[in-house]
Every structure is written in C-alpha cells, then in structure tokens.
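Once you scroll down, you'll see the structures, which are given as structure tokens.
Shared between the two complexes below is chain A, which has chain B as its partner in the first and chain C in the second.
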Partner chain A sequence: MHHVVLERWSRGRSVLHRRDARAKTLALLVFLVVLATSYGPLAALSGVYFALLLSALLLARLPVAGALARSALVLPFSVAFAAVSLLAGDAPRAAALLSKSYLSALAVLILISTTPLPQLLRGLEQIGVPHFLLMVAQFLYRYLFVISEEAQHMRVAALSRGASVRGMAARRARFRAAAGALAVLFARSYARAGGIHRAMLSRGFQGRFHLLAAPRFGWADAAFLLLAALLPAAARGFLGGWRP
Partner chain B sequence: MTPLITVRDLHFRYDDGTAALNGVNFDLFPGETVALLGANGSGKTTFVLHLNGLLAGSGSIEVCGMPLTKATLPRVRQKIGLVFQDSETQLFMPTVLEDVAFGPLNLGLDPHAAVDRAMHALELTGMSGEAHKAPYHLSAGEKKRVAIAGILAMQPEILILDEPTTFLDPPAQRSLIELLHSLPQAKIVVTHDTSFAAALSSRAVFFQKGVVAAEGDVTGLVRRFAWNSPVTTSR
Partner chain C sequence: MHIPDGFLAAPVWASLDVAAVPAVGYLVRRAQRGFEESRAPLLGVMGAFVFAAQMINFPVGIGTSGHLVGGALLALTLGPASAGVVMTAILAIQALVFQDGGVLALGANVTNMALCGVLAGYLPFHFWGNGPWRRFSFFLGGVLSVLASAVLALAQLLLSGIRMPGSVLGLSLGLFAVSAVLEGLITLTVVGALETLNPGFIRQATAGHSRALGLLGTVAVALAVFGVLIASRDPDGIWKLAGSLGIAGRAQALLPTPLADYQVGFLQSPWLRRAAGGLAGLGLIFGACVLFGRLVSKSRSA
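And now, the complex of A and B:
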C-alpha cells in the first residue's frame, strides 16, 4: 500500500482545505502573476510574499518545515539559470530567479496540499481547462503508483540477479540493463493502458467522463478569493514593486 | 429454458496470426455459475472478452436474446459485467465512490441516482466504509470487492470474473466465494483454481486449443484432464 505525503495533507479539514478549488486556483493564479511581474525592492517584496504564504501554511495547519523543504525541490532547476545570470554580472536577476521560483513552488504546493486531486481537477474543469488535458493528468496521477511499483519489482528482480556488483564493467552493464528495463516498463505501461481502456469500455465509457455532484462556490469562497488576490497585489503596490 | 448467452462457431485470430478461438460453442442459462477451465493460452480470456464486444471474431453471439452487433453493444455491456483479473486495471477513478459510480453515470443516470446505486453496490460488497478512499490505499481483496461493486452498480444480468482469486490470500478467497454465492446473477468464472471453481460452479467447461473440449461437473473434468495431478519427482 502506497502513501503519498501531499495526498495525505490534502485530506485535512482546515479553513483553507474547505475552500472551493476554483477560489484557491484563481488566487494562486493572481499570486503567480503578481510575483512574476514584481520589480524593484525584491528582498522586501519576497519577504512579504513569503510571510503571506507562511500564514497560508499555518492556516492550513500543514507541517511548515516539511512544506518549505519540499518547495526547495524546484531550486536545482532554477540554480542553473541563476548561475548564468550571476556569471553575466547580474546578481539581482539571479536572486530574483531563485526567490521567485521558490515562492512559486511554495504557492503551488499549498494549493495541492489543501485540495484533494479530484476536487482540484473538477475545479480546473469548471474554470475551463481542456477536459482532455485533465483526463491525462488524472490517469497520470492514478497510475504513477502502479508504474512505480512495477519499476520497483523490476529493480528488485535485477538486484536479485546480481545487478549491485560494483566496478566499471558492472556499471556499464547496469546502464545497459537500465535502458532495457525502461523499454520493458514502457511496454508494460502500454499494455496496462490497453487494459484500462478495455475496462472503461466494458462499463459503458463513450469518450466522456461524467461528474458526480458539482461543488458549490459560496460567499466564504468569494471572500477568500478577494482577500487572497488583493493582499499580494496590495503589498506590491505599497512597496512599489512596479516596473518604472 | 432460454439461454442468457448463446455462442455458436466463434473463431478469432490475433494480429500476430495466433488462432485463439477455433469454433467455440457455448450456452449460459439463468442462475447457473459456469467455470471455464483450461491451460494458459487455451482461449478462455479471449472468449470472455468477446462476450461484451471487447474483441470481435467471426461466428454468432447472442446475449439476453440480442445478437451482439455494434448497435446492441451498449445494451449488451449493461447486461454483462466483466470483472478483470487485475483490479488495478479496473479502478481508475480517484476515489472508490467515483469509480463505482463510473458505470451508472455512463448509463445516463443523474449523479444523485448514480451515487445511490454506487453506495448500494458498495454495501453489497461490504465496502461502503471505504467509499471516499483512494483505490490505491486498499488491499488486494478490497480492490477486488470494489471492482465487483463497480460492475454490480450497472445491475448486470450476467457476471464474468476473469481469474478472480489472483493476488488474493485464502481468507480473501473464502470471503469472495461467500460474496459471489450471495449474488443472484448468472456467472462465468475463468479460473485455474479448481477448489474455487468447485465451491462456486454448477458446471464447468474445459477449453483446449481454442475449442470447448469437454463440459461437465468440476470434479469430473479435473479428473478427466488430470488437472490436479500431483507433481512427481525422481530422486
């Protein structure tokens, strides 16, 4: 039985968890736009944005250290670009890249940690995200665990046949074996997809997912959206984070 | 008695040229449970995939008086519920309730009626307490029960179970036998597990090289084909 931390966090019962997925998604969108277009006193602005996200984490009763650490997973990607800017003599741009990518990741993490995936996908569909894209995301999320389990089984099978032997020759052999395993994994995933399609057809699937009762967007959700959209924009206005 | 399923002279060849079915004749009558026995590759699963139109060979198939054609396919799929060997294949929705309601929603039921039906099916299979869980949080036995609930929610007249005991430990197998005994539908069970087949079936059909080689009671067929003969070793 598999266990995913974010999935567990998303099943909480805080005020933030109870908000409609559309409100949270739109608030995230506003935050990302405000953040991406911020300019000027970046240290002060980043501090304020970070404080806002920290308040959201506390409001959602999520483990702060765990959430902050997980958001840092984005840094290895942005560090490369930041390093290029730094080498080109543009230190403020490098700092902006790092802080903006980290804050963006943290904001996205708060959304997915406070919204169970079915609700999130449903909210996105109601906002107008293409249905097909969401269907792919849903299947990807559902079968990631199955495919990862198959990969684990193949790894154990490889280890049980001596794949852990050290040395250069063994490393080359392992690399070849890993390439082969990837091909097998692809073939198995492809076969699995065929099986799933058959199972769907046998239960009357005709190309479109039908939804159970749609969630309601209440006054509390509207108030939350207004507040969550206004706060970062107001902070930016107050601190003068506009491009001259 | 009019059969629920009538199959005559069914032939099927896979794209790679393998002849999987070579003239199968078969009848299923109301209320009976038929076990399909036979070696791997004998054509059992290929045969059941034909019954609700997932594969299309030559020959004739009639389900509840309807000839199986493109036009009757949606109605036939409502009549025949197919439980796949690997439950992971069947449980693709984010929560148990949504998965079980998937079939009823496809049948055109409104969401409220679909949830009612799904909850009833989950109660029948003893899984109503897990309705809001994600399927990957369930054990193999629970997944099998949810997969059966997903089929029952479509209120089929015939249940087809492909290797239902795969991945199940003995207590889960016993519990599955009890559950299947309690369901009134006619059933076709594809299995290698002869004790499971004997506990459940009123009749067995033995497949060999894509044809029905023999029919009869499970014990008689198992003896005739030496299906359970012990492994002998020479030292």
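And now, the complex of A and C:
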C-alpha cells in the first residue's frame, strides 16, 4: 500500500532524514512557490528543478524509480486538464500543467518520505498551525488503516452475500444495503473513538503527543534551508523571467 | 475535486491561502468550544471513517458506482464547525501523504470543500431540519455541498486562465450535477439508516426558523455558486463593477509586494486583470459565506 511504503521510507537514515522538520517544510514551500510562479523557458527550468529534486532523492537514499512512479499519481488529473487545454489551443499551458503538477508532487513526496508524520506535524505546530487541527490529523492518520480495514471486511461480507447481483430491483436494494453498511461503520467508528479516548486517559494522556527526541533546529538545518531555498530561486533567476 | 499544485494562478492560490487561515482558525476554536476534550480523537476517527467510506460502493447506473464525499453527512452529525475541521484535516493528509491535491492549493481546496462545501451542506438542515421538509433538507444538503465545492473549484481553474471549450465545460457541469444528486441520495439514505440505529447521531435543528429565510439562504448559496462561475467566465464585468466601487485602486495597492519590481504594467496584463477581477468576486462571495456562517452559528448558540 502507498502509505505503508512511504512510512518505511520516512524511517530511513540520511542527511535529509536528519534535518529538522521545520527546515524541510519551509524549503518545500519555497520550492513550490518558485515553481508555481515560474514562467519563460519551461523545458530548461523544469529540467533544472527536476535535477534538483533528483539529487535530493539520491541524497536521501530513496529508491529513485519508485519515487518517480509514485509521484505520477497526480498525472491522471493533470493529463485530463492538459488535454482540455490542448483542445482549447493552449499547448504551452498543457505542458506547464503537466510539468508543474508532477514536480510539485515529487517535491511533497520527498518531504513526506524523509520525515515521519509525527515529526512533520510537530514541525507544523512549531510553525504555527493550530494544535487541535494537528491532533485531529494525527488521529485521522493513525486510525485510517484500522477503519479502512473494517470497511474492507464489510465490503467482502456484502459481496459474499450477493451484493454484486445485477438488475433494476436489485440496485435499489443494494443502494439501501450500502447505506446501511455505512451507517454501521459510522456507529462503530463513533464508539471506537470513545473507547480510544478512555484508554488514552487511563494511560495518562494529557492532551499532547510526545516525540521520542525533542526537535532541534541547528546550524546544519539553517544551512540546508538556505541552500534549498537559494538553488531553485537562482535557477529561476538565471533562466526565466517573472512574466512573459 | 482536489486541485493539484501548478494549476492555479499565483493570485488565486495565494489569496485563498490567506483567506483560509483565519477561517480555519475560527472553525478550530468553535469546534473545541463547549465540548469535552474527547473531541480530537472523535474528529480524527470520523475523518478516518470518511476516508474508509470511499471503499463502500453505491450502484449508480450501468456498471458505474459512486461513493460518499461526506461533507454534508459530517455537518449533520458533528455540526458545521467540527465538520469543517475534519474536512480540513482530511485535505491536509491527502495533500501530504497521498499526493491528492496540492500543498499551495490547500487553501483553495479547504475553501471549496471544508468551508463552503460543509456550510452549503448544513444550510438546508439548519432551516428546515424540524419541519415537514426534514428529509428533503438532508438530500438538498448533500446536493449543495458537492455542487458548491465542484463549481467553486471549476471557477478557480477558469480564473487561473485554464481555457475550456464550451462543450467540455457543459459536460463537466453535467457530471457535477449527477454526482451532486448521488451525494444527496447517499446522504439521505445513510442519515435514515443512522436514525434507525440511534436517533442521537443526528443533531437537533433549532426550531423557529422561517421557511422564507431558509429559501432565501439556499437561493443565496445557489446564486453565489453560479455567480462565481459566470464571473470567472467574464471577469471583466466584475472588474468594472469593482473599479466603480473603488476596490480596483485598493486591489492594485494590495497586490503581492514580492513582485514590487514588476508592478509597472502589472495590471495592464489581461491575464492578471482577469484573475484580479474574478478574485474580487470570489473574495466577496467568500466574505459572504463567512459572515453567513457566523450569523448561523450565532443564532444557534442564542
């Protein structure tokens, strides 16, 4: 599964994995903004940005082919819109849509596969995102797999009871059955949330998650951020203008 | 419809990011207020539920199936503020972990789905949740939530200069309408099933709202949604309106300072004029949404 692989990658060891989550997040934002506002010689710029991301992948010792394939998840949506732009006679925009969305997805992938999610969310909190929202996101991510598995079981159970039968009359019944299954899933999730909270309280939960190691923003992180911000900006300064 | 990075023009994503930050902050404070602290696990697990709900297919037509989007259902069960927080968390996890939707475009996606989508999904129930139109309000909530998010996303794409032939635009509007009706039907049947399980799952609508006000509110949402679409196809009209109201001069002063060197001729570019004009319209509607949300929440807590 997609996220399980990312989870494994994010526990690796490399120069990039060791950097502070704040430095990596800010570097990502700088890269995304530079990329999003780039105009001019698209092919050359995309090549340079791609080379930068590729070197980050190598530096992080991530499987290059796997990472490149995973970022292609964004492409179906982009291809559809690129085709529409092409139909409307806007070929440069079609190319820009494809390259920009792919490069952005690759950059986000590098961040998430060099930073375990708890560290990333703590970094976001230090940057100023509300604690409550991040707690919700953390619980969401933690129980995603649990609830998805439950939904999968219900799906298989429904199929084995004949949920794939065709026909007009059957469709109505199947619709109702699916709604019933969702309602049951909702009720179970609701009850599970209560149980989770009671169990956490009984283990001394004080309203915060703790990291194993306190995050530290050192000189190496500052240097990394500076470098990661300067390189794409410089590439754009040399190669492209702001607006055609 | 999750907009990836690289699709929106810089003024569009930047202003929606800036607008979404205080709105989400407000939602977070509201969602926390007045509830026991078990709220964070509950909202997180309900977010996981919405993710997992995509696995359960609803038969639609020949060989096709749809699934729950969830904005309206969450608003009906958890309340609009909590539902907005859950949707925001879902969008953030999708953008970061699943590369579904962009990081810079997060503000746009949050505005479309977590703010306006949830609000549009809750509005009919808020006004008609007690009367004879109760069941219809569930259906309408589902329809409006999907329609509002989809049309807003489409409008932002058009504003950003993505050109679509009329036929493609018509086709996508048709698809939106179909998926909106489907979401309405799913919301209606799931709420029905939930009420049989435990009536306490569905919130109590406050009594005493006039039907006329409800109609007005819903018409306002519908107008806003389609107004944005029209505005984005012809932003020059709104730009003229904004100019005559004096917004234009202010917008010129407010436009991004990092581009200071390039402000000469900045507003001469037709592309930027289009974007800025449409954005003024979007901003107006966004402001109306936020104001309306505050009014709704105030009248409920009173």
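Keep in mind that, in the parts below, the second predicted complex is superposed on the first by the 202 of 244 C-alpha atoms of A that agree within 3 Å, B and C clash if a C-alpha of one lies under 4 Å from a C-alpha of the other, contacts with A are read in each partner's own complex, and residues count from 1 in each chain.
Simple rule for what comes next: a contact is a pair of C-beta atoms (placed from the backbone, for glycine too) under 8 Å apart; a residue touches a chain by one contact, two chains touch by 3 or more.
Note that the structure is a prediction, hence the values are computed from the model and not measured.
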Which superposed partner A:V146 touches (first chain B, second chain C, both, neither): both
Touched partner set for A:I196, first chain B, second chain C, both or neither: both
Greater residue coverage of chain A in the superposed arrangement, chain B or chain C: C
Chain B versus chain C as contact partner of A:A137, first or second or both or neither: second
Which of chain B and chain C A:P118 touches, first, second, both or neither: first
Chain B versus chain C as contact partner of A:S101, first or second or both or neither: second
First, second, both or neither for A:L212, with chain B first and chain C second: first
Partner chain in contact with A:A181 - chain B first, chain C second, else both or neither: second
First (chain B), second (chain C), both or neither touched by A:G204: first
Overlapping contact positions on chain A, where the chain C interface meets the chain B interface: 2-3, 117, 138-139, 141-143, 146, 192, 196, 200
Parts of chain A lying in touch with chain C, wherever the complex brings them together: 2-3, 6, 28-29, 32-33, 35-37, 70-71, 73-74, 77-78, 81, 84-85, 87-90, 93, 96-97, 99-101, 103-105, 108-109, 111-112, 117, 120, 130, 132-133, 135-144, 146-148, 150-152, 154-155, 158, 171, 174-176, 178-187, 189-190, 192-194, 196-197, 200, 207, 242-243
Contacting residues of chain B [partner chain A, same complex]: 49, 52, 54, 74, 77-78, 80-82, 84, 86, 88-90, 92-95, 97-98, 101-103, 105-107, 111-112, 114-115, 134-139, 150-151, 154
Footprint of chain A on chain C - complex, ascending: 2, 4-8, 10, 13, 24-25, 28, 31-32, 37-49, 51-53, 55-59, 68, 73, 77, 85-86, 88-90, 92-93, 95-100, 102-104, 157, 161-165, 168, 185-186, 189-190, 192-194, 196-198, 201, 259, 262, 269
Contact set on chain A toward chain B in their complex: 1-3, 7, 116-118, 121, 138-139, 141-143, 145-146, 192, 195-196, 198-206, 210-213
